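Two complexes, one shared chain (subunit A), two partners (subunit B, subunit C).
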Partner chain A sequence: MSALTDVFAPGSAFATLLPWLPLVIKGFGLNLLISALSMVLGLLLGVLLGGMQMAQTGVIRWPARFLTLFFRNSPWLVIMFYVMFLLPFEIHLASFLVRIPDWIKAVLALTIPVGGYVSEIVRGGLKSVPTTQWEAAGALAFGPVSTLLKIILPQAVRQMLPPTMNLYCSVVMATSLANIVGVQEVMTITQTILSTETRPGLILPAYGLTLVLFFAYVFPISLLARRLERVWQFGAH
Partner chain B sequence: MTDSQTPSAHVRLTDVHKSFGKTEVLRGISMSVARSEIVCLIGPSGSGKSTILRCINALTPTNTGSIKVDGIEVTDAKLDALALRRKVGMVFQSYNLFPHRTALQNIMMAPIQVLGEPRREVEVRARELLAKVRLEGKENAYPGELSGGQQQRVAIARALCMNPEVMMFDEVTAALDPEMVKEVLNTIRDVARDGMTCILVTHEMRFAREVANRIHFTDKGRIVESNTPQEFFDHPQDERTQAFLDKVL
Partner chain C sequence: MSMVDLWFEGLNQRTGWNFSVIYNAWERAKYINGVIIAVELAVWAFLGSMLVGGLCMLVRQSRVRPLRWLVTVYVEFFRNTPGLAQLYFLFFGIGSYFQLSTYGPSGEPPLLSPFQFVVIGLSLQYGAFVAEILRSGIEAVPRSTVEAAKSLGYNPTRALFHVILPLAFRTSLPALGNNMAQIVKSTAMAYAIAVPEALYVAHEIWTEHFNVVEMMNVVLLTYLGLMGVFTLIVKLLERWLHVPGMGR
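Showing the complex of A and B:
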């Protein structure tokens, strides 16, 4: 019992961190915003690239294949740096001067690898549906577009959803990379706390807190992904 | 092939050639199928039987020659493939049901979504067809919950629900356990008796003899013998036919 009361005692690590908690959570909120936006944009990019990878014509297929492999095989941190320094601080839109906040740049940076991964997930999902399904639909007079929408995609989505959810988990964790380029996300805020507080031995509890936040958010999603994978692997429904 | 000139042919192939790369699969196929006729294609595997069926409903494009189905020229560059396939139903060896849809939904999908028929009418017809293939009570079963023979009968009902004029069966019992073959053959027999024009690729010799009006024997991309079942099985003319029948009978 005494160990427990020690944790909450005045001057303990917990007591020192407690007042910072709202700020930490607010920072984590930015991480979630970045992850959600880059996931949405990455999905758009990835579905486009993945669809192009399935094209019959090489002129469409090969550029998409190249971009997909390039996006997938570049270190996320390097892409982050590139986007940060490549994008201007502000842009002219008509007569307006629009500032691009750093966190938006982080979103765009994460969108690139996410697009690459989604592209492969889409390609794999579409390929997982046997070509005989296309033929069966064709023999029933379904056109190519309605075959894709009504018969192929509903089956492919089952293949694609679990890996997409796992990818989202990776994206949430990767948002902590944004601290290196100065975005006020949870890691940056934790570093600020550590440089403000003078109490020794605060490093592990402070980072431990961020760890717990990430884990509490990501773990249920990854559990759900694993469950869907199991359920959809066997039954057709 | 004088019968390919018959004017009343429902399906007619004239000198059809097809190559995959350098492999010539069809080397001048000519045959005609009259309305309500039951035609069986028999021959060693790789002799082009399945390719003939796939060319007839334009799943596989031909190189040269002509295929006419009820007045539609299949080899026409501006072919309306969907109009063709509304007339021609096809059942595959591997059933190819849609695994994410129930038996009833599999049957109802195309008539509703392709033909634009009202759901209520289609459902009545679909339930009748399920009863006809002796699968009452399996309306809400998913393909994964059905045996091979049951899946194949759903596939037949699915093709029939489009009200086709011609039905093609591509080795539909080849993937089935022996005890399920009979139930599927019974279903096909019913379809044939209803006056549907049928083209079957099959290895079931006794069945072919029983239901067919005419048998074509294919070998290396050619039809080497065409005859009535009686003549075909009892007095085969071509030595390739004789050699084949010696092996399988």
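Showing the complex of A and C:
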């Protein structure tokens, strides 16, 4: 019992960290915002690229294939640097000066690899539907668009949703890379706290806290993805 | 000075595109060294993750339930937290707490270098992924094969090493190849704790010459090249270990 009270006693590491907790949570909120926005934008980009990868004509297919491979095979951190340093931090729109906050640039940076991964998920999902389904829909006089929307997608979604959820988990975890380029997300805030509170014993629990925050958010999602994967696999056979 | 150097120096004078990393011998040597360090990180981390993942796989075969739970906790924790946070926790947290990464009170050098910390961090992170890959590989071995091995008088350990693992390893190869690719990309994270790998060296170069655009492109191409090489190796390995009659 005394060990437990010691942990929360005044002057203990936890007692020192407690007042900082709202700030840490706020920082983590920025991580979640970045992850959600870049996931939405990445989905748009990826569905577009994935659809183009399935095109009949090579002129559309090959650039999409190239971009997908390019986006998937570049390190997230390098893309993060790329976007951070090459996008302007302010734009002149007529007489207005629009400042781009660095976290928006982090969103754009994460959108690129997400788009690449989504593109492959879409391609894999569409390919998992047997060709005969396309042919049957054609024979029943469905057009290409309505075949895709009404016949193929409802079947492909089961194949695509679990990997997309896993990808979202990766995106949430990748938001911590924004720390290296100075965005005020949870890791940066933790570093700031650690440089304010000059206590060497604080480093371990402070970084432990960020790990726990990420785990508490990501683990349920990845569990759900795994369950869906299992359930839908059985349903398909 | 070779033709290439002269051409790139001329390019700088004509257009302002400053690829100093190509014509400046000092920076070229530094950058090549950075790429070598990135490769070394990737190879060591790959070996480490295979070791950790293999150990987890063996422990999961044991009958002692708490041991299996322990492995599950480890795997889930490392799969569901950011690699960078893990690295900071290891390097700044564990490292300074046990004085592995800091100088001792009377000036003893640190026990582990940042390079070694990155290798340990990546091994632990990707070891968790390897453990999962090997588990699904083992699950993919048909029950009938395991039963056939048993009826031929193999005891569980021998069946594992002579029948199940060779098959499971082969089915796991594509996933292990993906894992290798992830590791190569993750080595860029070493930048955060000042390991002089490709990205870090590039940063040093562009702070000196303000040639961010050129260096970013060089870095990107470097990583794409590395990924290409490693993907090729995995493809060759897959072909070499191919089980006749399985797949195409």
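Keep in mind that, in the parts below, the second predicted complex is superposed on the first by the 235 of 237 C-alpha atoms of A that agree within 3 Å, B and C clash if a C-alpha of one lies under 4 Å from a C-alpha of the other, contacts with A are read in each partner's own complex, and residues count from 1 in each chain.
By definition in this document, a residue touches a chain if its C-beta (ideal position, glycine included) is under 8 Å from a C-beta of that chain, and two chains touch if they have at least 3 such contacts.
Only a predicted model underlies this, so the values are computations on that prediction, with no experimental measurement involved.
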Fit-or-clash call for subunit B and subunit C when the two complexes are aligned on subunit A: fit
Partner chain(s) touched by A:Trp232 [first = subunit B, second = subunit C, both, neither]: neither
Contacts of A:Phe14 with subunit B and subunit C, given as first, second, both or neither: neither
Touching partner for A:Ile203 - first (subunit B), second (subunit C), both, neither: second
Subunit B versus subunit C as contact partner of A:Val218, first or second or both or neither: second
Broader residue contact with subunit A after superposition on the shared chain, subunit B or subunit C: C
First (subunit B), second (subunit C), both or neither touched by A:Pro154: first
Angular separation of subunit B and subunit C about subunit A, which is computed from CA centres of the superposed model and rounded to the nearest 10 °: 100
Touched partner set for A:Gly138, first subunit B, second subunit C, both or neither: first
Where subunit B and subunit C come nearest after superposition, their Cα distance in Å: 22
Of subunit A, residues touching subunit C in the complex: 70, 73-78, 81-82, 85-86, 169, 173-177, 179-180, 187, 194, 200-201, 203-204, 206-208, 210-211, 214-215, 218-219, 222
Interfacial residue positions of subunit A with respect to subunit B in the complex: 132-133, 135-143, 146, 150-151, 154-155, 158, 235-237
Of all residues in subunit C, those that touch subunit A in their complex: 76-77, 79-86, 88-89, 92-94, 96-97, 181, 184-189, 191-192, 199, 212-213, 216, 219-220, 223-224, 227
Residue ranges of subunit B in contact with subunit A within the complex: 57, 59, 81-82, 85-86, 88-90, 92, 94, 96-100, 109-110, 113-115, 142-144, 158-159, 162
